[in-house]
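Following this message is one structure expressed as structure tokens.
When the chains are written out, they are named A, B and C in that same order, and each has its own residue count from 1.
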């Protein structure tokens, strides 16, 4: 162990990380000649944009599919107050799914391509959405729901006008969780034939060390941007009344 | 060391993918069968090392993550101004996809187990930190007040009152962190860290039997650990059991 | 039809009778009913209090009216029309519903909360806004609170908003389930009085649930004392229940201090008050002393009043030594009672103030007479006290 540490420190001293970062930034913006696979051109802003869009596309499709499947079920169960065990188990099981195995297995099972991969990613996104939808709706103040029902709102109106607005924080926590999981797994989509930013990372042979670092930086930035965007959206959608401190 | 840790669908060669095969799996891998029982029973011992590696990765990562996050939470409990920045900081670490994290660390720590452990630990920080804070927040003020009125010092209150009452929430965080880490540790293979991801990467997506075994083991480990932790939590909090009774 | 009663802007006119006809509620296959063949009629514009021990089915019975609890057997009629025939959601929009925890929507402002049912009914914006403003004033809240959120209001204020919200669409029936239960006693009394004042103005049919017999006596025009199993032990006016309990259960439930409780049913104006000699500021004290000397004087102290006959305080011997009556009395006024005060509260004020005499004023604040504990006890023993008390419409307000 000690020698390895020494080796790392030695490598650091000889090759300060800054050089790699510089190289990574270069990689992002200007196409490089890859010295590994014999003179092919890799990198550059065009390829970066192409792969970023690819990853975004995959993420958005998968998230949309997850929402369409998970939300109705979660909202309905939460409103009725039944199926708590189901929602909990789904949530826990979803967390236990190994991402790599899922992608590979789904690709093997239903084939490669954006559409099929979308389904695989949706499997990851559904559990947090469903569980959080259930919990969020179920935990809304019972008195407010009772009052809403007593004043003559239909069940659907209660869900729409009272339960969902009050459950926004929890609902969004689920959406953010799902998005992070989907984006993270979309990063390794290249192993199933759909090229995303993860290709830079996975295919070190083609893109070189700079490409790998560039890929890592880009993926991190993408994830953080999405998270930040969702957080802002959540802030805007949360009613002022919920953010107040009691008088 | 760059290694051929990439695969392609049988017959398809994408840009720069390298195919790797080992000859003795050819019969099962070549077929399109979902699961070859014979192969599985013959070669099940292949998965012993990856499984142990996987468990090791998870155990160390969760342990480190817990120690760090718990310590930070105790600090933030005492000094409330620390909470927002720590929450944000751990949140960033949580958001960054692990694969990216592995390779961000690459220039610093190189390939191998250490990189994987650092990244996996970082991922657990937010979950454990936030759950610990929530656990503390859920301790009824009245109880703390009574303890203080009895003459207990802050430290005594922390260890005798607040922590026991916050245990369910903390354990819930530990459970989530552990289950998630088992799942994500399959990606450690990308960083050269071993684990159950390695047979998956080596075997290729066409080798379904392999996928099922490796993925299945990982899934089972996650579920079992989750249940075990849940049982431990119930054991540690008898007053909750009494309430249900 | 109910909607016709709501055509006028800001009208608070409509009220319908509520009739239970053998209404029964059974849960599951249980042979024991939560509410057992309940049959009673609540006349339009009256407050009927359902009171009884926990689990007697009073809340269930109330919630059957707007079908928050479905009726197993029998029926309930509002204004002669069965509630079972109607669409539940639409029915509830015409019935005001107030619950103990209020259940205000935390994500809506106070104004938006109050406007909830009008919006469900599709009222036009101007009409809704006008009605909301009217109600905020009616419940005694500052108009600017309309833009605040529930979290910013106190418990008592939230409770008032709950009542306003229930009144917004001018329902024909109001259901109130322990609405003042979660409030501190001081605020509770104030809210009770204010609601009674409100009721005197708008006269809704109200079904009021409480477990507190004192609240029932204070608020109810009629009381239904219920026992376990959802049966009515006695359905009568408060006076009848106090003076003539139907059986041992009712007697026990009302409590041993029935006589004292009866004071809750009377107003100060029901009694012949004593008169105190009045003294005006600047009046020659000789005149006052002369008044005191008369043998018929009932109160041996002169009461200082202003030119409008509003009491300012009591005069002492020392005050009368001067030539003219001073503008500042020696003794403070002490407890000041209103003609319309409930006798029980008046007695409490007297005892609290440790005063022998308390000045009683009318609505303009002018002296009406003097009350003392002696008067009250004399009255309680007299035959007049045993006569019928005032009817429902003339509820005292305090």
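What we mean here is this: contacts are C-beta pairs under 8 Å (C-beta built on N, C-alpha and C of every residue); 3 or more make two chains touch, one makes a residue touch a chain.
All values derive from a computational prediction rather than experimental measurement.
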Exercise. Name the chain with the Cα centroid closest to the overall protein Cα centroid.
Key: A
Self-check item: A-B compared against A-C, more contacting pairs
Solution: A-B
Quiz prompt | Most remote chain, CA-based centroid, reference being subunit B | solution = C
Practice problem: Please work out the Cα centroid separation of subunit B and subunit C, and write it as a whole number of Å. | Solution: 62
Practice problem: Determine the centre-to-centre distance between subunit A and subunit B, using the mean Cα coordinates as centres, and give it in whole Å. | Solution: 17
Exercise. Express in whole angstrom the distance between the two chain centres, defined as the mean CA positions of subunit A and subunit C.
Key: 58
Quiz item: If you look only at subunit C, which of its residues touch subunit A in the complex?
Solution: 66, 68, 89-94, 97, 99, 101-109, 116-117, 120, 149-154, 162, 165-166, 175
Quiz item: Where on subunit B is subunit A touching in the complex?
Solution: 2, 5-9, 12, 14-18, 91-92, 94-104, 106-110, 176, 179-180, 182-184, 186-187, 189-190, 196-197, 200-201, 205-208, 211-212, 214-216, 218-219, 222-223, 226
Quiz item: subunit C touches which residues of subunit A in the complex?
Solution: 141, 143-154, 157, 162, 165-166, 239-242, 244-247
Quiz prompt | Contact set on subunit A toward subunit B in their complex | solution = 8, 11-12, 15, 17, 20-21, 37, 92-93, 95-102, 104-105, 107-109, 112, 180, 183-185, 187-188, 190-193, 195, 198-199, 201-206, 209, 212-213, 215-217, 219-220, 223-224, 227
